[in-house]
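We call the chains A, B and C, going by the order they appear; numbering starts again at 1 in every chain.
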Amino acid sequence: MKLEPRAVPLQDAPPKRKVKTTQVVNGIETEVEIEVEDVPAGQWPPRASLRVLNHDIPRVDGPVKVSGAARYTHDVRVPGMVWARLLLSPLPRARVAALDLEAARAVPGVVHVLVVEREETGWLGQPVAVVAAETLEAAGDGLRALAARFEPLPWVVDHAAAVREGAPAVGRGANVGRPETDGDEARARAALSASATRVRATYTVPVQHHASLETHGVVVDYRGGEDAVVYCSTQYAQGFAAEAAKELGLKAGNVRGVVEHMGGGFGSKFGLDAQGLYACRIAKELKRPVHLMLDRRAEFLMSGNRSGTSMTIEAGCDAQGSLTGLVAEAWKHGGLGRGSLSGLPYCYKAGAHFRDVRSVRMHLDASRAMRAPGHPQASFGMESILDELAYAAGLDLVEIRRRNAAHPAWVRQLDRVAREIGWDQHPHRTQPGKPDREECIGIGFGISNWGSGGSSDCEAEVRIEKDGSVVVACAAQDLGTGTRMYMAAIAAEEFGLPVAAVTARLGDSRLPTGVASGGSVTTPSVAPAVKDACTRARGAFAAHLAQVLGRSAEGFRFGPDGVRHDGMTERLAWSKACGTLPAEGLSARGKWQESLQTRGVRCTQAAQVAVDPGTGRVRVLHMVCLQEVGLALNRLAVKSQIQGGMIQALGYALGEGRQLDSALGLQLNASFEEYKIPHALEIPRMTTLIDDDDTRNGVAGVGEPPAIPGASAIANAVHNACGARVRELPITPDKVLLALGKVV
Amino acid sequence: MKSFRFLNPASLDEAIALATAPDAGDARFLAGGQDLLTEMQEHLAEPDRVVNLKSVPGLDRIEAGGGRLRVGALATLVRLEREAAVRARWAALSEAAASVASPQIRSCATLGGNLCQRPRCAYYRIEEARCLKKGGTECFAYGGSNKYSAILGGGPSWIVHPSDLAPALVALDAEIVLRGAGGERRLPLEKFYVLPADGDVTKETVLAPGEVVTEVVVPEPPAGARSTYLKFRERESYDFALAAVAASLVLQDGVVRTARICLGGVAPVPWRAPQAEAALLGRRLDAALAKQAAAAALAGAAPLEQNAFKIPLTKTLVERALLALAR
Amino acid sequence: MADGTARTDGAAEPVDLSRRVFLRGAGGAAAGGVLAPALLGAAAGGCAAGATAGAGAATSAALAAPPGADPAGRELVGEVEIELAINGTRQKLVVEPRTTLLDALRTRLEPPLTGTKSVCERGNCGACTVLVDGEPRYACLQLACDLRGRAITTVEGLGSPEKLSVLQQEFVAQDGSMCGFCTPGFVVAITACLQRDPRASEQEIRRACAGNLCRCGTHPQVFAAALAAGRRLAEGQR
């Protein structure tokens, strides 16, 4: 089905007004003021009247996904395509001493060898060369034939080495970044001194990998001439065509970007990336399509990650448990990047606080945004110190959170979550349990927040054809989050149709302006635009019917029983109504509207674990999540999304983390064997609750917030179970045994 | 993966001949391929010839009878896991098979391949790290990351043997049958494995070039015998053993008459624990004795910087395995 | 391909699903392989109980079978044409001995079968799970040329978007996929489990897909889908 932009022209530009919203730039949430059109604010229908939305809707692309028919970038095959593979720097910093280009070119099947770094590499996994060949196997042979030789240069890949005096410099500037501070240090320290109870501890979180199942990569379909189609596994369908065009030497408008389906990004996939540029260069040179997807090792080494953190936190409270002061000193480990760490005391309020955060740079790939960048790290530090403070003061773990939470919504959520996890019956509410049995049961809590909020640039188009079919389109993408499904569902709701009667089109740069899917902004950007387009289409349809039927346009209603008019007793079937349309059908373009979205979604989680003090095994038994979502477009998909976040947090808590050998400059777990993500047997019972007490009738994105507090809750539960306080993630059996004093 | 010549012999003799021919170059036998293919993908193995043992008939039988269990080298793990006779009389073997990797691996991984698999040590598996096992001069785990390394029998390499079947079969007193150009030889499975200090450090077994494991023979356990395999994984779903114990006991009125205990995941070879066995003999198996035997099993442990936790962990496993057999 | 012999012609020849014909097709070898037990078909209740405990033995009998009386198949080197039985049709394709089944399906077949996903290529993630004679395997750890005479089933062979298998239907209904990249592997691994026992418990289902990695965290919905499909299949059998 084709959809050429053929929008009904909007009226004269309406006046603008300014509103505040949250935007995420490189993973950093920022409050910004933007201009929006001052048009009458659209509204979602009251929840009780919703027929399609806010229900469980099976996703429309389910059948193609479960049968293997869905086409991802990795699956794209075009005639004449060559297969490209990368040679990476095996060391964090090295001189490229030898590359036998002639030998590589001589390998049967090899069609091109591109050297992208001839002199010196500056991070582990940095691409050095690309070999393209007629088959994948031949491309591999070409890489071997390069017989690359690297001479090590001094590097730093761990904190201690990077901050040491005389350490090898990482790029330009000092290895330790300038302090980012917040709060009044003198006041905070004075408050700490005056507090009834105070605790101080250091918490460490490792680098976490996105580990998307589909690796980063592209297929550049360029066969000479003026046009190209570029398929890219990315979270921003409109974010790479222009870049690709530049690299291909084509006009920007002549390159189409396509992201039909994509196999996970979690914040790591925006733009073409280096490998995309290389593929374009080779395609341009050969005038042949190029397939270049990273292999798994490359994905671990060069596609970004969640930065690690080391933080020392001191916190104090008064006799009732109110936080009086907090001082935090933290280092972010983001490789060549700055890393991210959300502000402490995170979702809590303290009488006075001070924090000093610095980044420590290393010869490793730059960290990228990953599902709530900076938040899980801050959450782990904050929720841990809060538990330690509660135990020191003899306070109930839920009570100390209720007392200090920065928003009343969390108080309500804590009460509900505590009930669901069985807190009242739990024996260890103010002191941890003892390691005195094979199954020590513990409970922990955590809370989180995310700005969400949409992009004012987002647009959508709706077309109603004469045959009654409906297409809704936007250049956004569906990462598995359900974008396609709710686009169709919104139109179905608006026109009174079944979801299956609507086709949603996305993932194509030529469609109306979409948005990059990062920071949970997709839904609050796309849904309002789609809704607005539908509202406008209904208006246009009503105006058309008014002319045809000689009725007033205001009186038309679109429902599951067809088109009605207040002044008519009979109903007009949808297909009949559409049949009156002109041959080209009807289309309308909608724009984002602030009134249709909402910002600030809070989340509370609890985890119940069983710790085996004999082996150090931590088994998560039960996780509970209560999540504000505003108006849930599809409850089924929202729950899936929430559970997905919780499971990723479980991995962060118990298994994941980059392991390096600093001396050798190697990553020891750049594979799914050694980088341990939870599988089927690690999944606990999950109670996933949409917070229906959040009655705001606007849509929000919930990709990020449920991924935040789970790890903190699990870590606290481990301690609560048996007194093993593990201050460094992941909590593996060795660390539990060590914390229990079992290792002599 | 490097190109190779793929050969499908019709007999064992032909297979051996193909692998040892003067022009064979580096030849490898292929069984289930679940380890060899990963080695080839990582360029740790770059054979010129791959000799496919699956084309040789008769290597995959499982026969219980005549006072023994005979398992052909090509028998798949899924069959050992499911075979009723094995489950009933050689429980440790069946439990060990069921504990291996994932259903996808067990459906084609073989007994022979499991016994001959190469180490999982991260340094060994990274091509660029030219460690002792790969002909280098240093065991990088020793001064580097050694959480997963050996606490018993280590040095000059500290790998742990990754097989689950091997400790189970050692505990069951199995014999291994090898066939080479010079004919057949049989030896206790325990003697099949060599410590890094005792032989060629780049190998884990006595298998000679061109020699093939053809079968394993396990004696029928006496009346009153019970066995079990207890494996601890860092990730329960799909992982190698962080530590494991196989135990085979004959109990008479609660008193231990015979005992064989073998540890996995803690030493470069399946690690027999004779002190623990001795501690058990002739005594009533209760919690206190199990604890004492566990301590004896780990008495000689010499952990590296990051793996002392394996001592209490393995002790726990030994205790629990013994008590499970006493129940 | 180098010698220009790359084919196939796409019009794959349908296989007569009888053992006799199949064996003849495989070159008259002694036991070319047991055909996959009827797979969880598209029709409701289409689960055959074919593979029970005996399947293991049958499978390994096939394992020991020589690929042949076919002398050309004894020694393979360079680009060679082989024939594989994929989803019930015999297909010719050109591979190298080192070509894995995963790469053969995705890059050597014409048209390619890309439902089997390439994710880790080391047998760690399960995204490339296929059935070989009814048992689940990682396609990345199989040599394509080593599977001549075996019945290979990919996710595409279990159902199509228009005609989903019972399990696939339940995956859709329970929201068992998010990004969907792991989904085919889970579908195939669980299909093998339900074929053995549609009444498999949740723990058995978890064990059946413990070798599969999902990063989006769809597991609870996957278990629910498997249990629901098992119930439907068990009822259909009665």
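Criterion: contacts are C-beta pairs under 8 Å (C-beta built on N, C-alpha and C of every residue); 3 or more make two chains touch, one makes a residue touch a chain.
Here the structure is a predicted model, which means the values were calculated and not measured.
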| item | value |
| --- | --- |
| Chain pair with the greatest number of C-beta contact pairs | A-C |
| Central chain (distance from its CA mean to the mean of all protein CA atoms) | A |
| Distance from the mean Cα position of chain B to that of chain A, given in whole angstrom | 42 |
| Chain A and chain C: spacing of chain centres that average the CA atoms, whole Å | 33 |
| Separation of chain B from chain C, taking each centre as the mean of its C-alpha atoms, in whole Å | 29 |
| Residues of chain C whose C-beta touches two or more other chains | 96, 98, 121-122, 124, 207, 210-212 |
| In chain B, residues with contacts to at least two other chains | 1-3, 237-238 |
| Interface hub residues of chain A, defined as touching at least two other chains | 137, 671, 673, 679-681 |
| Chain A to chain B touching residues, read off their complex | 90, 137, 140-141, 144, 614-617, 655, 659, 661, 663-664, 666, 668-669, 671, 673-674, 676, 678-682, 732-734, 737-738, 742-744 |
| Touching residues on chain B, where the partner in the complex is chain A | 1-3, 43, 120, 122-123, 125-126, 128-129, 140, 143-145, 147, 232, 234-239, 242, 306-309, 311-313, 316-317, 319-320 |
| Chain C-touching residues of chain A, taken from the complex the two chains share | 58-59, 61-72, 74-75, 77, 83, 108-109, 134-137, 210-215, 261-264, 266, 293, 295-296, 479-481, 636-637, 639-641, 643-648, 671-673, 677, 679-681, 683, 686 |
| Interface residues, chain C side, partner chain B - complex | 30, 53, 56-57, 59-61, 63-68, 73-78, 96-98, 100, 121-124, 126, 129, 132, 135-138, 141-143, 145-146, 189, 192-193, 207-208, 210-212 |
| Chain B residues within the chain C interface of the complex | 1-10, 30, 33-34, 37-38, 40-42, 50, 52, 54-60, 74-76, 78-79, 82-84, 101-105, 107-108, 237-238 |
